[in-house]
Amino acid sequence: MSAIIILNYKTYNESTGENAVKLAKICESVAKSSGVKIAVAPQIADLYRVATAVEIPVFSQNLDVVGPGSFTGHVYSKSLCDANAAGTLLNHSEKRMTLADIEKAVRYARKCSLLSVVCTNSIKTSAAASLFDPDFVAVEPPELIGTGIPVSKANPEIVSDTVEAVKNINKDVKVLCGAGISKGEDLKAALELGAEGVLLASGIIKAKDPKAALEDLVSMI
Amino acid sequence: MSAIIILNYKTYNESTGENAVKLAKICESVAKSSGVKIAVAPQIADLYRVATAVEIPVFSQNLDVVGPGSFTGHVYSKSLCDANAAGTLLNHSEKRMTLADIEKAVRYARKCSLLSVVCTNSIKTSAAASLFDPDFVAVEPPELIGTGIPVSKANPEIVSDTVEAVKNINKDVKVLCGAGISKGEDLKAALELGAEGVLLASGIIKAKDPKAALEDLVSMI
Amino acid sequence: MSAIIILNYKTYNESTGENAVKLAKICESVAKSSGVKIAVAPQIADLYRVATAVEIPVFSQNLDVVGPGSFTGHVYSKSLCDANAAGTLLNHSEKRMTLADIEKAVRYARKCSLLSVVCTNSIKTSAAASLFDPDFVAVEPPELIGTGIPVSKANPEIVSDTVEAVKNINKDVKVLCGAGISKGEDLKAALELGAEGVLLASGIIKAKDPKAALEDLVSMI
Amino acid sequence: MSAIIILNYKTYNESTGENAVKLAKICESVAKSSGVKIAVAPQIADLYRVATAVEIPVFSQNLDVVGPGSFTGHVYSKSLCDANAAGTLLNHSEKRMTLADIEKAVRYARKCSLLSVVCTNSIKTSAAASLFDPDFVAVEPPELIGTGIPVSKANPEIVSDTVEAVKNINKDVKVLCGAGISKGEDLKAALELGAEGVLLASGIIKAKDPKAALEDLVSMI
């Protein structure tokens, strides 16, 4: 099975500044040795330095629906592209967007060749997001985020039902699942349920040995 | 008269990516030749590359009131410091903050040695902001932003009255003024009204020749 | 043709307080004489007095995704039901909601027997909203809102294509159209394009003679 | 000692709809028998029915900074006045406002003769709010809200220091304190610390016998 793993750096100290680069190099190393696609999503202030230090894809954690102009403090898509981002998360549970903005954000991302990953919290919001033709939908049941309980165990139907609902709407959209995934068996289970990858964070970043954690994660695929 | 000039890059194409660096070098060059302090405030995705390319102070356009942790898509103060920012704008009219968050943001900034510039829109909001002991308050009457009409001409009392109100509350807070400033005479007038500098954007960034515009700006002080 | 007309009161002085009640009585009178279903959506502070004064359906302009508890200043669904509301607008262009909240808001509305009208701005956001099984989707191309240019003339395809997209997803969802509708011929055209009603505001409320304007509106159906 | 008590109804079921009216009548009865000023702040959908049922002052929980016009779903000041509100809470911890909006909201409230109560979370934000000349500032240390631990016991200095800071800025602003107050001795202690009243919620509304709880609250002043 092939799979994509996106590591959301959030705002952990373990993944800020110099640490953002170090962690990206670990991901790059494991990606090379395992052949599994791994992308990282550092904070925006770290995007450029990470993207110039590694060859794996680097994602933004967010994009605001603004064009060029008077939008002080907002995240303009072109600034991400110019920082060598390969894609962006959208609508993460910690940064929800309006329905109207999600449609526009996917379009803005595509305009400057950024892959888009729309985060969702249910089967129906996943189906809704897939109408906008993003590259990925990443479903994360909010009650599991940060618990360490893998969605593939706690609620396997939400994964398989989301895959079905999304593919019924738009077969080109890939489904990732998030929330609680950190072990190889969890990733394997998620892929068997039809997911094409995972979005994860603390399970790797807060691990005592992130490299070992990543190696375990990819060990069964 | 000594003065500080902060150039807010907003999300103009003329100040994004490579252009962000070029413009910072122009500012650095004019700062050196004129002896006037000039700082730039690029987009967050450009912070690191600008801050590693020039020696003038580089400010963020924003900071979110979040700590380390699960705050995907938010601007964590440490990420700005680690990107070599010297300070940050706060509460810009295009990114207003709650009263409670302004107090915290100034404290978060100081904790990692970032200078803070709280943007305000009136005499009383300037006085209010100065209670939180920021390094700067930058007053911008909203009706003048982007008009090209300098606040020092259109409404000189708002500058002098803001200076008085701020100093009454906290004499250590420096007052900048914004909105419409772009020429040397406007800057001179602002300083004569008691401002200690200016926050500006389009007047320089959208000028045909930003270097000439900057040189004109600093020519009378 | 049968049709439903929902009159959004917004925050016009002409539809606040006593005026809210007067206008509802006009709507009630025209509804009775014409046999056309007319509902009104006053401000929340006026809901109760309007709903106790007329027998036509009274809608809220908004509902927040909060339950009972500590949510000062938020719009709790039960407070709307207890004020005798029959339904609620959701996600109006002047009060956009997150994707996740729209799903929940439709559910919260249904739980206390409120009809839900999800406002949308495009064909795809209309399709997305209809996945959540609201009673109505009201499509309003944002560029036409408040212009007086009827969507049924300016962009007839957006109406017919929205109807098609919504019915493909969920045939039980009724499609309203908004933006610029105020005359009988516009309403007729909208219905011929497949809409089952209209959501309108200024065209009636700001008319010199709202009763005459309403009578004209319903004259051709 | 004279004092004002404002009972924030939040969105509790115990204070929604018919219950909002019943609770207001209890407050009115205790106000009459004790001679203590008691005001209630029901949800906006309940304002009109409560304000027409009792003679004690009825406050809104919120006001949005909007005028007449196209502001669907927002709380327009005139709608509150027309519903017979006597005042409004502003900037409650569950509904924070921007600094710029607080200044405007106090002005909008005064324009239609609504008393304003700006909620704050610290000594400095209280001082800041008092610059805008509201009728009241209500300080609620966020760590105590909903805990049942009275601020007058847990952190008496925050009450006395807030009173001092506010009066230094604007002696006409009255200081209320909130968070955890529910017993007569707590209210007495708050008044001895310089507060001129209290803002409270669950301690009364969720009490087994709200009338008895209110009577206890006012028993020592």
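We just call them A, B, C and D in the order they show up, numbering each chain from 1.
As a working rule, a contact is a pair of C-beta atoms (placed from the backbone, for glycine too) under 8 Å apart; a residue touches a chain by one contact, two chains touch by 3 or more.
What you see is a predicted model; the values in this text were computed from it and never measured.
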Where subunit C and subunit D overlap in contact partners, by chain label: none
Comparison of A-C and A-B by number of C-beta pairs in contact, larger one: A-B
Relative to subunit D, chain with the most remote C-alpha centre: A
Centre distance in Å when subunit A and subunit D are each reduced to the mean of their C-alpha atoms: 44
Distance from subunit C to subunit A - Cα centre to Cα centre, in angstrom: 37
Euclidean distance of C-alpha centroids - subunit A vs subunit B, Å: 34
Touching two or more other chains - residue numbers and ranges from subunit A: 93
Touch relationships between chains, expressed as pairs: A-B, A-C, B-D, C-D
Subunit C partner contacts - residues on subunit D that touch it in the complex: 8, 10-13, 16-18, 43-49, 60-62, 66-76, 78-83, 85, 89, 92-95, 145-146, 201-202
Of all residues in subunit C, those that touch subunit A in their complex: 91, 93, 96-103, 120-122, 124-125, 127-129, 131-132
